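For reference, chains read A, B and C in written order, and residue numbers begin at 1 within each chain.
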Amino acid sequence: MDSSRRSVLKFFGLTALGLAAKPVFNAFAGEHGKSAMHFEKGAEALKAKQWAMVIDTRKFESPDELEPIIEACNKAHNIPRFENKNHEIKWIWETEYHNAFPQMPNRFLSEEAEQRPYLVLCNHCENPPCCRACPTQATFKRESDGIVIMDFHRCIGCRFCMAACPFGSRSFNFRDPRPFIPELNHDYPTRMKGVVEKCNFCAERLAKGLEPACVEASGGAIVFGDLYDPESEVRKLLRENYTIRRKQSLGTEPCVYYIV
Amino acid sequence: MLELAVKGDKKYWAWIVALLAVIGGAFLLYLWQLKFGLGITGMSRDVSWGFYIANFTYLVGVAAGGVMVVLPYYLHDYKAYGRITVLGEFLAIGAIVMCLLFIIVDLGQPMRILNVWLYPTPHSVLFWDTIVLNGYLFLNLVVGWNVLEAERNNVHYQSWLKPFIYISIPWAVSIHTVTAYLYCGLPGRGFWLTAILAPRFLASAFAAGPALLILLCLFVRKISSFDPGREQIQALAKTVAYAICVNVFFFLCEVFVAFYSNIPEHMDHLKYLFAGLHGHGLLVPWMWASLLLMVVGIIMTVNPATRKNETTLAWACVVIIVGTWIDKGLGMISGGFVPNPLHEINEYAPTLPEIGITIGVYAAGALVLTILYKIAVGVKEEVRA
Amino acid sequence: MNDKKYILGGLLIFIVLFAFPFWFNLGKAAPAPKPVLSEKAKAAGKCVMPTEFMRAEHMKLLGIWRRSVVRHAKREFINPEGKQYTMSLQNTCLNCHDNKAQFCDKCHNYASVDVYCWDCHIDKSKGEE
């Protein structure tokens, strides 16, 4: 029995203690122990043990080239745009080499590499410190595909995860974001004030068999795939190129790799 | 015993009404924060904890400091403290109430606070923090109240209290240890990532808590016929002297490790706090003031002449309270967030509404403390009459 | 004790004041509203579960949907008849019930139920928020 069905049964098992709830229990669990309703992954959903991303930074020369990639994400996920920098929400954004990799401040770095723009986003770490910190499991590492995801319904807004993230990947809704969304995407929810948010590796697109919005918009510069499938394109790139990750020494095992 | 809290003179009631007025005003500000969101504070994406959590951290220390009278009395049978243990315990209660309020006002979705217990998460330090803080509140309420009531009735306190009393001693250490673990277990925050953070928190707690207690004792003596006692105050002063010395020593240990190892991640935060980084140095004067105050505090409490004179001792306590408050309340939290994980600098300063809400929480704590102390002092006066 | 009349009088005043909402609203109860089905919903004929069930348990079902989608990455719902739906308040429920004001809000308002669904989920029928 899978875990979602188990939680359903647990939930109604408790209420079913009262006889009044019996018909309800039957509707959820089915008569004679046979399942009456169940939940599945969509047939076209993309599956992986651990999603990972390889960003070929050599393919970007100026921040303008990153603009459409970031914009694709912002649009897909209803990211607001605030005048006040304190309230900023960022899922994927552009930064400089020494900000992305502050622990690798090589001197006299190749000018070309140093001046390139770098994309940063949630690393969907294999050992995510944010999930360790969260007191309600509102942010958690999804067992099915390793995405570090948020349950916005459960987040109490304590911001412990923001302190725990060594990559500055998390944003907090300091106010209601809805009035500040330039163009509302009606197929995706917004967030409410008082919760933390961050990149979700486009879990909603993967479920429909689509690659993440940034990958799609990158024209091949960003590759997405299963880290544990030796045949995946991600693994192929990792085999063939020297890659680095942000703050590898912290042991969080980031799943976003950079070819520099 | 509650009836003792409603028998007071005009000054007492004026103070209560004043506190209620402050609480009421701050509550309106809090309603605004609830409606608008935490955007009315100075916090940001980079400095995601601010004044509320900093004051929370400081007050956990004050609460833990109460153990400095409980421990000698119950564990070492230091009889003199018998007169004032309840003052230490009641101070702890007031401080914990403020801690819990600070946590609540800091939450983005306070209505969901029970999610912490609805989905218990042992791998989260915050989960443990809620347990130790509420446990400590409970222990002090039970012990303080019952021991005081026994004193009033002129009997020995109930024997079943003993285990609670003994548990409350390590528990006091635990509240500040767990609170330090909130910060020091986070990878990538070089300023906090130090095994000495919990000991350092405790050292500053055992200086600030008893220092506040000395001031309260002096105040109680002034306004009532109950004298907490010169010997007691002097003993507390020695605790303060040791603790503030250890606190500054621990700080210097941090400075040594950061700068001798020369590791940028560890140095940068200290540089930001004491010298400014890349032209940003909002806290520099504050941090130097804090260090100066703590050093003055050491001189005044270690030097017998100034320690034994209760007027200079009172000033020493004020100096130490302000010094440790700046250290923990201003530097410790924002210092850890600046520079941010991408090594960018976004400074933090609390906004007026944020300060207003903070004052309101302090007023609420003062109200709890006033009522509890009124009761305690009333009982003491009664017993000695 | 001669305070009897004061105590009883005081109690009476307390009870009267305490019961204010009851006697003030006596006989003024508005009739319970009926949710209005949109054309689309009428055309579909049935919901993801039988009407009776939905009426009583929709909030629990939504809670289970949300847990399945967010926490278990399972976004497809198969009802007892074997019919499959994508679990989405915004994109499945509101697709049929494209009259949120008439279908959801009317009853919620009447029952004074303040749901926070719409803080995040978008009512598409309104076009623009």
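Things worth noting here:
Following the convention adopted for this analysis, a residue touches a chain if its C-beta (ideal position, glycine included) is under 8 Å from a C-beta of that chain, and two chains touch if they have at least 3 such contacts.
All values reported here derive from a predicted model rather than from experimental measurement.
If you sketch which chains touch which, the chains link end to end in a single open path, with no loop closing it. Look at the CA centroids: the one farthest from the centroid of subunit C belongs to B. We define each chain's centre as the mean of its Cα atoms; on that basis subunit B and subunit C are separated by 45 Å. Centre-to-centre separation of subunit A and subunit B, using mean CA positions: 38 Å.
Centroids of subunit A and subunit C (each the mean of its C-alpha atoms) stand 31 Å apart.
For subunit A, the set of residues that touch two or more other chains comprises 176, 192-193. In subunit B, there is no position where the chain touches two or more neighbouring chains simultaneously.
By the touch rule above, subunit A contacts subunit B in their complex via residues 84-90, 95, 98-100, 102-103, 120, 129, 132-138, 154-160, 162-168, 171-176, 192-196, 247, 250-252.
Here subunit B touches subunit A in the complex through residues 36-39, 41-46, 48-49, 103, 106-110, 112-113, 115-116, 118-119, 121, 123-127, 130, 182-183, 186-189, 265, 336-337, 340-344, 346, going by the rule given at the top. Partner subunit C is touched in their complex by these residues of subunit A: 2-4, 7-8, 11, 24, 27-28, 30, 36-42, 45, 140, 142, 144-145, 149, 151-153, 176, 178, 184, 186-193, 203, 207. Residues of subunit C touching subunit A in their complex: 49-50, 53, 56-57, 60, 64, 66-68, 70-80, 84, 86-87, 90-91, 116, 119-122, 124, 128-129.
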